[in-house]
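The block underneath contains the structure these notes are about, expressed in structure tokens.
When the chains are written out, they are named A, B, C and D in that same order, and each has its own residue count from 1.
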Amino acid sequence: MTSTINVAVLGARGRLGSAAVKAIEAADDMAVVATLGRGDDLSLIESSGATHVLDLTVPDQSEANVRHAVAAGKHTVVGTTGWDEQKRQRLQDLLKDQPEVGVMIAPNFAIGSVLASRFAAAAAQYFESVEIIELHHPNKVDAPSGTAIRTAEMISQARVEAGTPAAPDATETALDGARGADVESIPVHSVRLRGLTAHQEVLFGGAGETLTLRHDSFGHDSFMHGILLALRTVADRPGLAYGLDEYLDL
Amino acid sequence: MTSTINVAVLGARGRLGSAAVKAIEAADDMAVVATLGRGDDLSLIESSGATHVLDLTVPDQSEANVRHAVAAGKHTVVGTTGWDEQKRQRLQDLLKDQPEVGVMIAPNFAIGSVLASRFAAAAAQYFESVEIIELHHPNKVDAPSGTAIRTAEMISQARVEAGTPAAPDATETALDGARGADVESIPVHSVRLRGLTAHQEVLFGGAGETLTLRHDSFGHDSFMHGILLALRTVADRPGLAYGLDEYLDL
Amino acid sequence: MTSTINVAVLGARGRLGSAAVKAIEAADDMAVVATLGRGDDLSLIESSGATHVLDLTVPDQSEANVRHAVAAGKHTVVGTTGWDEQKRQRLQDLLKDQPEVGVMIAPNFAIGSVLASRFAAAAAQYFESVEIIELHHPNKVDAPSGTAIRTAEMISQARVEAGTPAAPDATETALDGARGADVESIPVHSVRLRGLTAHQEVLFGGAGETLTLRHDSFGHDSFMHGILLALRTVADRPGLAYGLDEYLDL
Amino acid sequence: MTSTINVAVLGARGRLGSAAVKAIEAADDMAVVATLGRGDDLSLIESSGATHVLDLTVPDQSEANVRHAVAAGKHTVVGTTGWDEQKRQRLQDLLKDQPEVGVMIAPNFAIGSVLASRFAAAAAQYFESVEIIELHHPNKVDAPSGTAIRTAEMISQARVEAGTPAAPDATETALDGARGADVESIPVHSVRLRGLTAHQEVLFGGAGETLTLRHDSFGHDSFMHGILLALRTVADRPGLAYGLDEYLDL
């Protein structure tokens, strides 16, 4: 890479944003040229000489931020949630006028988690049985986790498309809840345990063998690698990409 | 050990019984001197010169068999289920007349499983959180497994006795079943997967650490070690012992 | 699928062969039309009306068998080892005269194992650290397992191609063997434990996260699914395919 | 408990000490009445009204600190390393003059780790095979970890005492290091992986079953529970106790 990636970080004072600022500054091929918080003038993006924008703000600000960045010709990486299909469609319309600008919107920057989901979807049709166990700290308010639900949906869709039969299950008598939650026919079990952070196991089983895909996340550190990878790739990928796996060589 | 352990095996033609016959014959310090099936005359026990009896029959025969063996002065190891408190009490009464005879009745001869349960009960009071995951082949008709329910009961009892507070759980919204079955306040999750046999994990969690006790059973082979250990020990332990852990040095 | 797959099984009296015969006969869309053992006349392949041949023989017979089958226009699936590059090249030359014939030569028919290797290679470049733990029964004579060595080679190659730096390791003082075997810079640890069959874990680690790919094999049963999948696919894939993953939709 | 436990913390400004101060202050039944750092006058122990002393200093100060505390009649909990047999013997001599004072010296305050070691030693004689896998962050300079070596020694000693035969291992050809380090005949494998903290698995295997004891430590948090437990127990246990397991109900 011949030129430095100059990044304007939006949401730079949040927990994730300040970690990203540190990670970018620690990288040899990047520099932080502007850090914007709530209320700061977006024109700092242009005046700072940024080539790239990283948006780690909040759902109700992110669309305006990203549209401003794209209109200014900046390659943009987005870690803010809430980018539904409608917002993405509007952004794609805008990108028609900026054919050289790349945008990555990623619901999840943990590469291990993204890979585990992709592998789970790829394996889904080849095993009779599949179940998901997700394990989190006990302060989590929802069960199953959003990631587990999305993983189950991806697995279920792959099995439907391939015509995989339903998993065998001879259970006749069960205590309520023993067999987990049913997410599109995939059993999902949620463990809550002090000491844990965020973990997920997808278990596949066929005659004489099992395949287990496990991802352990120990905190926001795991997002930095994905954010840097996205910043290094986005300029070479004009147009809108949704999901970090679009930048992975799988 | 100076003298050979001569064993009469009752239920010798069943799957477990025939495996036990082979295991005993393969041991240097033991011999099978009689193999009895359904309908065979119990007097073969005495005429065979057996010093020990191994009962692997069915619940409605086991009590009569064991009482016959004890009355004849034989040390007896019992792997048949159905020995409720009433039957055990009647046997203890009979044993008063045979003060040198030992009897071991074991609901489970898999040493690894017995140890895992004991360790789980010992650890129970020292962690904020505890959950159980049991995993079996998909032909199993009940969920959770009997072993998981007993393990949960042992853990729960240990926590109640020690005054351990309830495990933390901030769950507010959950899909039905996601948080498992509630067995005396211990969440139990049942996985059914082609390729598996019988497996159990007890997960304990406290601030900054987790402890996992996992037992994997791959079939009846795992019972043989416990049966041989019981046969080698029972003559030195007059009276009735219930549960293989009474013979383990813990 | 409109017509039945009629299979001539070569090596049908071996352990793997006889299991395959049963599996094929149990499938709705297939039939075994000939079973050949050592010394049987290969012309039975043609006279039986077979559309497909399954070769599960021994290295010094397999090439002649497969060449006979291909020359006779039969789609052929090969589970025999020893198909080095030279043999495969000779077979490809022969296949030029049979442009509609498909051949699958698979060093490994366990789908879970094939998937785990592929996923490991795909993930290799995205993590700082990677190590392999393989666990087998204690009667195994070599360490590490051939599968572990091949997996390490695939991972190493992927990292070299992507320019991934060496994994961090600050070890200064170590007991001999503690850090495992070095297979092209990937540490490989071999566990031998009574009770186990054949198991492998690939562990990847980056800042704040780990990804674990585990495959458990409990015996030859696990090959049957892959063999059937290959028989169902081979007629649609003219030419030579090497490795079951070429038939998987990844 | 009727009266508050008033603790003087020595080494209170270190990383572990400051965490302990917070943990004590957060407990309902305890208070920190003095915090001493390097060079502070030990007479603060008496003048503060402390009933208990917690020593988390450095090896060359700890003995003098503890002897001062004991001479002053304070129950003392020690987390500093370096308490060899000679130092402990001298302390026991001193304790003869203070028959009501309790002292706990613990090489490890992580309850999960202490339990895992105890369980491993208890299980050691009952399985044909046993191996240890320890997994740590890649900045660790020694391999295997001290905990793994001590665990192997405890297991080995238990097997020797029980007359357990050597574990079966048919390995004939092995790459250097594949079978791990040999610690008193127990194979120990050391994994170094970015993302991990400190983890250990003890794997036991017998015919048809395996038992796995796994401890995961995610940092110093895990010591606080053990420190508080020791502070709550030490006044009821006059004399010197070495190792937290002496206070556990096993």
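One rule holds for everything that comes next: contacts are C-beta pairs under 8 Å (C-beta built on N, C-alpha and C of every residue); 3 or more make two chains touch, one makes a residue touch a chain.
Predicted, not measured: the structure shown is a model, and the values here were computed from it.
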Any chain touching chain A and chain C at once appears in the list B, D
Interface sides of chain A and chain B: same vs different residues, half threshold: same
By mean C-alpha coordinates, which chain is most distant from chain D? C
Chain A to chain B: how many Å between their CA centres? 47
Chain A and chain D have mean C-alpha positions lying a whole-number Å distance apart equal to 40
Expected list for chain C, residues touching two or more other chains, is 127, 195, 204, 206-210, 216, 218, 222
Make each chain a node and each touching pair an edge, then name the shape: line, ring, star, complete, other. complete
Where on chain B is chain D touching in the complex? 110-113, 115-116, 119, 122-123, 125-127, 162, 204, 206-225, 229, 248-250
In the complex, the residues of chain A that touch chain D are 195, 197, 216, 218, 222
Any idea which chain A residues touch chain B in the complex? 127-131, 133, 135, 138-144, 167-183, 187-196, 203-210
